[in-house]
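Each of the two complexes below includes chain A, the first together with chain B, the second together with chain C.
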Partner chain A sequence: MKWLEDALAKARPLFEGGGRFRAFKPLFDAMENFMLSPSTPTARAPHIRDPLDVKRYMSMVIIGLLPCLLASFYFFGWRMLAMIVVSYAAGGAVEVAFAVLRKEEINEGFLVTGLLFPLILPPALPLWMVGVGVAFGVLVGKELFGGTGRNLFNPALVGRCFLALGYPKAMSSDWISPVLAWPGRLGEYATDTVTSATPLAAAKNGEWARLGDLLLGNVSGSAGETSALAALVGGVVLVAVGVANWRTVVAMLIGFIALTAGVFGGSVNIVVWHCLAGGLLFGAFFMATDPVTSPMTNGGKWIYGLLIGVVTALIRNFTGYVEGVMFAILLGNIFAPVLDEIFIAVHVRRLNREG
Partner chain B sequence: MTVAAEGTAKLPAFQRGVHPPQGKVFSADMPIKSLPAPPQVFMAMLQHTGAPCEPTVKSKDEVALGDVVGDCDAFVSAPVHASISGTAAMASVATLPNGRHVRTVPIKANGEQRTGEAMIDDVLGGEWSTRGIDAIDPDQIVTATRDAGLVGLGGAAFPTHVKLTRNEKTPIDTLLVNGCECEPYLTADYRLMLEYPAPVLAGALLAAKAVGARDVLIAVEDNKPMAIDTLRRAVRGGEVRIVEMKTKYPMGGEKQTILSALGRRVPTGGLPLDIGVVVVNVGTAAALARAVLRGKPLTHRVVTVTGPGIHQPKNLLVPIGTPYRALIDFCDGLTESAGRIIAGGPMMGFTLANLDVPVTKGTSGVVVLTGREVRQAGETQCVRCGRCADVCPLNLVATKIALAARSKDWLLAKRYHMAACMECGCCAYACPAKIPLVQLIRMGKVQMPRE
Partner chain C sequence: MKLAGGYNVSIKGRPSNDVEVLPEPQVLQLPLQSRFLNFSNVRVEEGQHVRLGEVLAKDPDHFAIPLLAPRAGTVRLAAAENHIVLEDVSRADHEPYDSFEETEHIPENLGSVGIKRYKLLQLGAWQFFRNAETGGPVDPFGTPTAVIVSTVHFEPYVARGDVQMQKRLRAFTRGLEHLQTLLEYQQIYLALPEVHSSLALKVRDMIRGYAWAKPVGIPFRYPFDSPALLVRRLGLKPTAENPVWALPTEGVLALDRALTLSQPCTVRIVAVGGPAVRKPVHVKAMPGYPLKDLLAGRLVDGPTRTLAGGALTGGEVTETQLGLDTECQGLTVLQESTRRELFGFMRPGSDRRSYSKCFLSSLRGQFWESYTTALRGEGRPCIACGECMSVCPARISPSIIHKYLYQDELEQAQRLRVDLCVECGLCSYVCPSKIDLRAEFIDSKQDIERELQTQEPSE
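Showing the complex of A and B:
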């Protein structure tokens, strides 16, 4: 790695101060950061730090997404790869443009958004829509709020929401029927395949998909969400390493299960079916737990999770929409900062009263 | 939470906190050795929280070990005593690791110095009878403590006689001796409890007698089972309880120790004595026994010199005022990889930029880390993950306070209760965006205009 270090050190002056490419310093920094490990020493106490930094945090999310990603390749073909490439390219362009304009560093958070986005889309969606959606999500959902850490809504969900409202037909019909038998659709690009209704839509007509198919992912739906098992495996890893907060996940599931059980008179079969169907688990583990857009306080996380779970069940059962995870999480995002303020205010008042 | 009797299972710990790598292995098995008297010591006139002392000796005065060299009339202050015998020189100014500029009186060694085993015996060894303690007048203990220049040896260096002075309004029922030593790497308190439990116990009883406490306990983290055993054997039949605490940072913070050991909460902005508790460190207890039972002032203390960046980690009995360089040299110096020298522990200690500054009464250790331990990523945007809130022992949201302090929005900082922060550093340790949260809060507290 010595040659790489030397090459980067040699190129550095071009990007600094009066260098020819100084406008592209964020790009240079991102590359250096990505290729070499950090070497800045701590400034003052505490002199030692937890090894978990934002970069590792984001890498863990990507590792957690791997099972869902592999499942999507298997069931829907390698068109997924094209969608991911478009997502990274279009969203990355917006990200880099803003980093250069603001003279800030490119943030690793985008690597997560760019990967999450295609996983929550119908697998046969036209590629240009993927690009438009992710660009909208990053621009409006994140950059206009001031960039990473300042956004109110989950950028991937903002992009999906935009597509759902702007292109409702494509977003509700561009499904691909999965293939369970080995080698799935691994060998296909899968563009001209028959579409079929998602389990939640079919259930409205009284056709209930089999539990085993829901668990494995042998049903139609958004690319990454169909396999409940893959979401569980990746999600549990994320919770175990402390990257996804367990409180949010548990609260969301409790809220969802409680209301669904209420609606269906406590039928265990239907409650389990609803938990595995659609994007509930994917949303609970990977979307609701987004640190930026969920509350910081533990109390806030409980309420936020419960709210999302309850609202998801409400939308699924009492509105014209068959799936409610997206709207429920966006709604939860709105409440996150308020929940924090309430919990902090209550706690500070208690501390003041005691003192 | 209930108060556990001696020998019962572990006590419930305070909530949250962090578990940094302990690093105690470097020096945990090194018996306390005496550092030979250096050719020159520098007696700082302000080594404690409170009013600074004025030098009481002139240049070229001959002083003996234990002579007063600085004193002050203020109540919250403590005199300073010569830690070697020699000749005083012109007072000068030194910058201590905590950034304070203080006057120091140099003393050049002259004549024969007590050192080695003899010094350790004088400070810690020998008989420590607790039999006569009941007959001692509380005021006499307080006076002896003040005359000995005793301050808290755990780090904050608050004058001990102030804590021990009885106050009609707030009666004290419990004396808690703090042997948690939750800072990683440090083992000075551990070695003291293990090798010399007798002066610690005697000091605990004396302090309890002074404040009129009926309940006396010594709290030790459960990563020091040998110290716990030793203390339990030493108190057999006595009235001192030894309580085993969960190992967790900052268990040694007095509010956390009290909450975990007694189930009582110190009010925000309040002191332990508001709820009838006095806390002293184990080192302070041992020095108290020496001051009262032997009439000797605080001239030496145990300092851990440790870390991966030092050749021979050691626990040393050091004359106060010795330059840090002498300690490091005595431990065979720094290794090639040494990257940072810290006065105190790695969680709350100060970076040492100059090795010629003196050890003070509050110095518990010198930790030398390598570049690997102090490496971190650059600061990035807060991603609102809430880890700072999840580890804060006081349940504050550090990032909100810190960012308010950074932009000098004092109203906001107050709303998030900046004043309640005790600066333990858990938030900055845990922050994945590597924002110097505790530093920002500390700066904010200093900069915030007083009302």
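Showing the complex of A and C:
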């Protein structure tokens, strides 16, 4: 590793002080600290620190997303990879531009946003739309609020919302029907067979997809959400390592199941079907649990989860939209600060009573 | 208050139960400043010969708590800045210091309790009496709400009560009896570890008959030994006039020494531990013992950082401090961070202890890690991960308070009870964004205090 340290030391003057590329110092720092863990010492007590850092934290989300990612490659072909590359390039460009402008460090958050975003898009969406969407999401959903940690909305969902409103036709019809039989679409880049009905849309016309297909992902839908099994596996890992909060996930599922059961008169089959269909599980494990945009208090997390679950069921069953996870989570994001306020006030009262 | 949060950091270098007696020093370098005390009122002259136990200086802001000469010697005032140096140190002309009255005249109308407390002050035992909430010194002639005697120190690594007590159990219980005579009817709470150590059982046995001493079992987790936390857990209601006093094990021993033997407390047992210490141990040393001699031959090679106190709350011992100060309970030595790892954040991390479950080590049992002074990450904005909220033993919400302090909203921090922070340092320790929460809260508490003081006269 000595050679790498030496090479970086040699290049550093170009990015510092009067160096030719001084404007790109954040980019250089990010590259350097990505490859070599920094050796910065602590300044004030405590002088020892936990090994967990934001890079590790975000890496956990990416690990949790792997099953969905692999499933999307299998079912929809290598074009997914192109979508991810475009998403990272466009989102990263906005992130870097703002870091350079603000003279701040580049944040790891976009590594997650950039990967989440293509997974919640129709797999046949034109690549330029992917780029425009993620750029909008990062710019408006995150950077204008002050960057990672200060955003009100989940940036990936802001980007998707923008596309859904701006290009409704592409966003509601660019589905690909998957291939279940081995080797899936692992051998091809993309396909021309564009179908138009996701299971939720088809269900409105009375065609119910088989439960087994929903579980494995043998249905059309957004790239990463079709396989309920993959979302479950990755999601459980994410909850187990403590990065996704179990309260949010459980509350969201309870809210959703309760209302869906109410609507369909407690038919277990239909409730399970609705749980596995669409982006519910993906949203519950990977989108609603985003710590920045969900409440910080435990009580807030319960209410927030319940709210998202209930609203998802409401949108699915009582509006013109077939899928409601995106809007429900964005709505939950709006409520998050208010919920925190309420639960903090309750907690402070308890602290005051204890004296 | 139920106990919540807390975490035991398994850092390598736990001092053994052995107490090593250091060789007698040639020179003593007594720092005039320590964490709470500032002995600015120097009472000796250059070249003066002092006897063991004589007053060298006093802290005029804290009830004239004295700095005593731990040994006989010749005073050198100009030898080092902010230090009183004693040369030609010896125990030779050691004589029982029974004439504490002669140095000052005793204030009148003290009564027997007052005289005892005055004796404690003069013999250097009063500096161990602390305000349980703030950690600062308390008025020797004040009345406490209650007294918490703590025999447990969980922070890695400060001197442990059981080690300080192990051969002096008799003195400890006698000290408790003395303590009771200093009080009127106030309860003494005796914090003991909630484990079945033979020592804890013995102590419990010995105080069984005492109605005024109440044992309190402390779960073995940092920082449940914090007196500030115990005040709330026990439901005590201290006021500014009647604080809760906290007294550590060595304080009880010093109290016994002063009242039974009329001798000053000069030698103490402190811990020397941490990953950079070859053979972590407890040492018997006196204030002013040169740190260079104390640490000589004990440390591993390479640059190190010495902390006065434990790894979580101890501050760095700067080059300007030459000798052990009177408040130091232990020295924790860390290696300076120099190592950089290729793709460090992607490693499985079976060798990394973490509060989170994001490393492979969470599947592994107990092990001790060689922490260095590395920040182990880069500073980032808060991502609201909630680690600090779950680890906080005071049950305040560090991340939310941080959010307000970041916006300079001191009143909001006050509303969220930043004052309940016990400064254990765990929030800073676990933060993945490497935010210095503890430092931030200490600063804001001082700002709030200052603001309250400026407001008072106008009301």
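Keep in mind that, in the parts below, the second predicted complex is superposed on the first by the 350 of 355 C-alpha atoms of A that agree within 3 Å, B and C clash if a C-alpha of one lies under 4 Å from a C-alpha of the other, contacts with A are read in each partner's own complex, and residues count from 1 in each chain.
One rule holds for everything that comes next: contacts are C-beta pairs under 8 Å (C-beta built on N, C-alpha and C of every residue); 3 or more make two chains touch, one makes a residue touch a chain.
Owing to the predicted nature of the structure, the values given are computational and were not obtained by experimental measurement.
*Asks:* Quick one: on chain A, after the overlay, do chain B and chain C clash, or do they fit? Just give me the call.
*Replies:* In the arrangement built by aligning on chain A, the partners chain C and chain B clash.
*Asks:* Quick check for you: in the superposed arrangement, does A:Glu105 touch first (chain B), second (chain C), both or neither?
*Replies:* Both partners, chain B and chain C.
*Asks:* Who contacts more of chain A, chain B or chain C?
*Replies:* Result: the larger residue contact count on chain A belongs to C.
*Asks:* Which partner does A:Val85 reach: the first (chain B), the second (chain C), both, or neither?
*Replies:* neither
*Asks:* Considering only touches as defined above, state whether A:Val241 meets chain B (first), chain C (second), both or neither.
*Replies:* Touch status of A:Val241: second partner only.
*Asks:* A:Ser59 contacts which: chain B (first), chain C (second), both, neither?
*Replies:* second
*Asks:* Mind sorting out which residues of chain A both chain B and chain C touch, each in its own complex?
*Replies:* Overlap of chain B and chain C footprints on chain A: residues 38-50, 52-57, 105, 107, 109, 147-150, 245, 291-292, 294, 296-297, 340, 344, 347-348, 351-352, 354-355.
*Asks:* List the residues on chain A that touch chain B in their complex, please.
*Replies:* 38-50, 52-57, 105, 107, 109, 147-150, 245, 291-298, 301, 340, 344-345, 347-348, 351-352, 354-355
*Asks:* What residues of chain C sit close enough to touch chain A in their complex?
*Replies:* Within the complex, chain C touches chain A at residues 1, 9, 11, 232, 235, 237, 305, 307, 311-316, 334, 336-346, 349, 352-359, 371-387, 389, 395-397, 399-400, 415-417, 420, 425, 428-434, 436, 438-439.
*Asks:* In their complex, what parts of chain A are in touch with chain C?
*Replies:* 1, 4-5, 33-57, 59-60, 105, 107-109, 146-150, 240-243, 245, 291-292, 294, 296-297, 340, 344, 347-348, 351-352, 354-355
*Asks:* List the residues on chain B that touch chain A in their complex, please.
*Replies:* So the residues of chain B touching chain A come out as 18, 20-21, 184, 265, 267-270, 339-340, 342, 346-351, 367, 369, 371, 373-378, 380-386, 388-390, 394-397, 399-400, 415-417, 420, 425, 428-434, 436, 438-439.
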